[in-house]
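Which chain is which? They are A, B, C and D, in the order written, and residues in each are numbered from 1.
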């Protein structure tokens, strides 16, 4: 698939650190979610709109590999790609870096299934599929998205 | 009001600590919620049942005072009282202690308003009021609730 | 004290919502922390620098009043004032609003004590006090801080 | 390796739910941590003791597969196995179930590296290795750990 990506950037929150003095590993899973939220906003299809349409992209699998740790107040950038888009599901891939030195902190993927609000698996409607297609996304790097 | 209380106990989770090496102050707000969940289960009126009946006890105010800090893996007990019960709202009061030395960690209160699922303020139904009345609650201290 | 304030803005994260469909009340306590982090960065004294100097502004009290609820993906702004600055402590005051309609969501305060890394109460060093003084802060509204 | 496992059980916290009405997927990552904390306590080697000895079992990789969703107040059990134990690292495997119907909610693994407090990779000391060896652990199912 295309190499279109979207960057979103923020500071590490104190609440995201743990007693090791670094960002707790579960915080990155939340940051992945921030990454795909930013990706979808950049597509012109905010995830809140998907929900209003009666669908959820429920999380079927998460995987994260931790390379380097980050600390409170450091500026972070999450780069998100849509690496798979199928009729009933999609996969996002993430790279989390520290802005100051571009150090690679964490990489990961999340796999999602399209369900309706009863939980039944559903085809992603054509217009949503079209909006998500990476060719529709120009690479976007925004501070403070 | 009566001095009936309910105790609930658990270990500090690593994710609840922060870079100071101690429990992050926002974790206690979540523990207060655990305290009132345990209180309501002990009343025979789990909060999930309140929701099924079409009501929410939405949080109108939170207050917490931090006395001593806690660390990962320490055993904690949250003691909860219902200190006010009105037709449209209620107030819970909390004491959070470390089990090992009974040190007082945090005290606080949360004030709640009864709303329906449209957000409109509503009277608490009589049978729910009756179940919540502290006289109906015997003091309960449970490990591992 | 002066009415200097600092604004910081971000989107509601999905992880910050709860089963009521709205932002969980404990998330605002974390947002207050974001507010004072932004305030201190704007002072030229990031809190990470306070820690490097050997001090913590430990949280002694939190208070929050919840007026209106927010939802996933809404843009939020936290406005922070330093409303008290004493030799051994300080108080921040917060207003959290939804950007779209400027609705007031939550107001609150946090009271802090200056301690060293052994936990002993300490005077705030003169140069830190000087940096924090609101007259040193120009009102700052930044998107995406 | 041996099939020794440790169970730990608790209720879903309201703060762990999200706007889908179910437990947010990142909460399970925290529950995995609870699972391995319980496992290590059952070994007679609480993780807090590992830290006091000057080591961290830092998280190198997390993987979770989401099968069924859970809701507020449901009773959950996390079953934890130590599935790999090497000189410089270890892997835990988890099964998260709902107690009421034994439904399998989430499965996953976390891979850890032993580092000292400077972050350098280190051999796990022999006595810690011995304590962790699954043959030393009897299967333990506890409510309310």
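As a working rule, contacts are C-beta pairs under 8 Å (C-beta built on N, C-alpha and C of every residue); 3 or more make two chains touch, one makes a residue touch a chain.
Since we're looking at a predicted model, the values are computed, not measured.
Undergrad: Looking only at C-beta pairs in contact, point me to the busier pair out of B-D and A-B.
TA: By the number of C-beta pairs in contact, the winner is B-D.
Undergrad: Could you pull out the chain whose C-alpha mean position is farthest off from that of chain C?
TA: D
Undergrad: Report the inter-centroid distance (CA atoms only) between chain A and chain D in whole Å.
TA: Computed from C-alpha means, the inter-chain centre distance equals 25 Å.
Undergrad: Taking each chain's centre as its mean C-alpha position, how far apart are chain A and chain B in Å?
TA: Their C-alpha centroids are separated by 34 Å.
Undergrad: Measuring centre to centre with CA averages, how many angstrom lie between chain B and chain D?
TA: About 26 Å separates the centre of chain B from that of chain D.
Undergrad: Which chain B residues reach two or more other chains?
TA: 14-15, 19, 26, 30, 33, 51, 71-72, in rising order.
Undergrad: Can you tell me which positions in chain C touch chain D when the two form their complex?
TA: Chain C residues touching chain D: 14-15, 17-19, 21-22, 24, 26, 71-72.
Undergrad: In the complex formed with chain B, which residues of chain C make contact?
TA: 19-20, 25-26, 29-30, 33, 51, 56, 58-66, 69, 119
Undergrad: Spell out the part of chain B that touches chain D in their complex, as residue ranges.
TA: 9-11, 13-15, 30, 33-34, 37, 41, 46-48, 51, 71-73, 142-145
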